[in-house]
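In the two assemblies presented below, subunit A is common to both, partnered first by subunit B and then by subunit C.
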Partner chain A sequence: MSKNAIIAGLAVFVAAALFPFWFNIGGTNAAPEIELSAKAKAAKKCVLDKYDMRANHMTILNDWRTSVVRDSNRMYKSANGKEFGMSLSTGEDSCLGCHTDKEKFCDRCHTYASSAPYCWECHTDPKEVTQ
Partner chain B sequence: MMTENCEVVGIMNQKYMLPLAGVFLLFLLAYAGVEGAGLQWFFGIVIPYLAVIAFIWGFVNRVMGWASSAVPFRIPTTCGQQKSFPWIKHNCIDNPDKASGVFIRMLMEIFLFRSLFRNTKAAFNTDENNKLTYSWEIFLWAGALAFHYGFLVVIIRHLRFFLEPVPAWLTFLEYVDGIVQIGLPGIFLSGIVLLAAALFLLARRIFDAKVSYISLAADYFPLFLIIGIAATGIAMRYFTKVDIMGVKEFTMGLVTFHPVIPPGVGGLFYAHVLMVSVLFAYFPMSKLMHAGGIFLSPTRNMANNTRAKRHVNPWNYAVDVHTYEQYEDHFREKMIEAGLPVDKEE
Partner chain C sequence: MNNSRKSFLKKSRRSFLKAAGISAVAIGAAPAIKAVAVASGGGGSASSLPVVSPKAEALSAKRWGMAIDTSKITDEVVESVVAACRNAHNIPDFTIEPDEEKYPKTRPAKKMQEIKWIWEEHYQYAFPEMEDEFLAEKYKVLPFLVTCNHCKNAPCVQACPTKATFKRPDGIVIMDYHRCIGCRFCMAACPYGSRSFNFRDARPFIEKINPEFPVRSKGVVEKCNLCAERLAKGEQPACVEASEGAIVVGDLEDPESEVRVLLNDNYAIRRKQELGTEPSVYYIM
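Then we have the complex of A and B:
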């Protein structure tokens, strides 16, 4: 193989390996801020603490679904003593009942982390529907 | 006989116990360093940057070293009929005579591991003949293919932490990889394929006596490291959980050269990062360089045209030759005297 071809191949390799560096030129390390609704701010306590909630909310929702669908058990007593309706979108004590703005609360982080949860394939955020 | 066996087994244990202990040590180093000593900046910022530099610099250096080494002979391994008379069927891929054939051959080697597909194993028949027979052994090829493609998808998927905004093709890849919607967060197939294939390749090295005999610490170390990386990654995603927003803030900090240490991200994540960093830094000085070397294999990337074309050794120096004309000029008179025939009379 000619030396020029090898150097060209190496140049492609280095460019590809450093792809994240040049893709983000002018970018920022700041994650998007989520906005808590007035109701969520007033409630102060969610199901778990902030970082636990960030890491585990999907597991909780999955467990809730099983609990509601299999055992028809719809009330959840959290470790901090508060009670919640085991629902993503129905009722005042559901997730969306308190975190009223899906776009500013759920989607910002999901988009940033490239997470496309299939929750929204069945559940809808009523406020999103344009009529 | 028994003691001999034990000795052999003992040596083999050393060969994989040392790298295994090394990987455990790396894990503990980062975990304890972060959880105990609060050295997030060291394991999260210093080490990854050093690893990137070592990887790129080492890789380029290694390949340039190969590029400057001599390849004086055409030494393609041929696996089919060479180009010959028009009525003899030429195998233009397994015995390429042109660059186009070489290109297709290289594509199939790089993307499908074609030469490994031909892997055979030798064994003695168990009947009274006790004849040596060779049989097709496809599992190494299948395991290798699963491992490499699993790893490729895992690496590409990880770009979601390093790119903002996340491109649509990456979201699509995640969608395809997560097509089996089990649990939340949903299962990514590639991670499981990677771990399973790496475990299979490890089991092959340990339990196949012949492969075990030729396996060294340098063969086990990358396997243990990759198994450790896959295991910690899977643990964080499905079991222990990690604050993914913090993780992306951290990785985006690295690639925008404004590193940050996010709160609420624990030792397991830094253990994952350290093992990945070690894998990258170790890459250029190890057998893992077959990634670059496959492109430069003279037995694959050359056309078999030694007869059709004249290949002159590139570093041949000019040789002073004494031609027949010069010889005759020198000895003409003596040759004529002796009655020898000459080309020129005068």
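Then we have the complex of A and C:
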């Protein structure tokens, strides 16, 4: 007699546990394509190579901040020989100096990955000001 | 049987000693081999490691300090200095009306929530210990500019529990806003009131955001950074540029520097010297 109740309960449980999977079936959840700005495309080389950047850009930003604020070292000569100003958003040789479109470069992936870095609480996208 | 066992043992011992000897040599030689490898092969890869450095045009000093010529401070100079600092560092002005469209329903801010980096103060408040009975009349009305003193023995640095506030080797007392937890111990420790707490989101109260410098988020303390970001680009601090020669910033440890020459030629005082914080801001009287 309790067999039916157990099976029904199990069915409900399995359905609930698999909710994220069946809920997203048929949805369009393809990873977003990052669009490089013309300037970034022309520059070819970033601080690290593409996959390293993808995985480690947050560590780099963290290290850069420490270097700039604590040691007053503001120039970074990368292992590939290119020089950068160690800044997220100020100057032509900063991150946003090359990756000019924050919306298409930063936000797309962060939104997709539900990551909400607090960089922009304080740092300013120069484009946002001129708009 | 006994014999063969003996020979087996003998042989085994011999080979054991051989192996042990070779191992000992190998272990002993390992550091030397490694050192050689680093010196030859590692040398090439060391040059391709990232290198950090200050900008070539950066200004440097053994200990940054400031001299303010009080005779040159007028109301106009005060106004332009405060405005220059405000624009350079995105300091909110709570007297302005926020843009209703961009920031709807922004509550007006209280006077006590104001953010100050450099501001006007009267002599009797800037130098409360100097209670001269017959103080020259002019000092009672003269505007004084006060700011962070970038003390040699900064009490705020000692008070900060997270090392968000720290002293750079060149004497600038500076903050890492990322690290500030907003405990306000530094504000209690600073005898000059040079620190302000962000009770509010500053953005609605900034007329025009300067993208060259970040805004601060709600919940952190902030203060004058002696324009470290401008010194790093080889520029003088914003207040110096706006002050028409009333403010001079330079190296206190260099007897040839402009600041030291001024201090040598004039009588200068510092705020609350008796506390032993060794302020780096001098007022030429």
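Simple rule for what comes next: the second predicted complex is superposed on the first by the 118 of 131 C-alpha atoms of A that agree within 3 Å, B and C clash if a C-alpha of one lies under 4 Å from a C-alpha of the other, contacts with A are read in each partner's own complex, and residues count from 1 in each chain.
Note that a contact is a pair of C-beta atoms (placed from the backbone, for glycine too) under 8 Å apart; a residue touches a chain by one contact, two chains touch by 3 or more.
Predicted model only: the values in this text are computed from it and were never measured.
Legend: residue contacts after superposition of the two complexes on their common chain; A:Y51 is shown touching subunit B, with no touch to subunit C.
Taking subunit A as the reference, the larger set of touched residues comes from B, when subunit B and subunit C are compared. Once the two complexes are overlaid on the shared chain, A:L61 sits against subunit B while remaining clear of subunit C. Contacts of A:A17 after superposition: subunit B is touched, whereas subunit C is not reached.
After overlaying the two complexes on the shared chain, residue contacts for A:N29 are found with subunit B alone; subunit C is out of touch. By the touch criterion defined above, A:Y118 reaches both subunit B and subunit C. Shared contact residues of subunit A, touching subunit B in one structure and subunit C in the other: 118. Those residues of subunit B that touch subunit A in the shared complex are 55-56, 59-60, 63-64, 66-68, 71, 159-160, 162-166, 170-171, 174-175, 181, 183-186, 241-246, 248-249, 252-253, 255-256, 258-260, 263-264, 292, 295-296, 301. Across the complex, subunit C is touched by residues 65-67, 69-79, 85-86, 89-90, 118, 121-126, 129 of subunit A. On subunit C, the positions that touch subunit A within their shared complex are 48-56, 58, 166, 168, 170, 174, 176-178, 208-217, 228, 232.
Note for the complex: subunit A touches subunit B at residues 1, 3, 6-7, 9-10, 13-14, 17-21, 23-24, 27-31, 50-51, 54-56, 58-59, 61-62, 109, 111-118.
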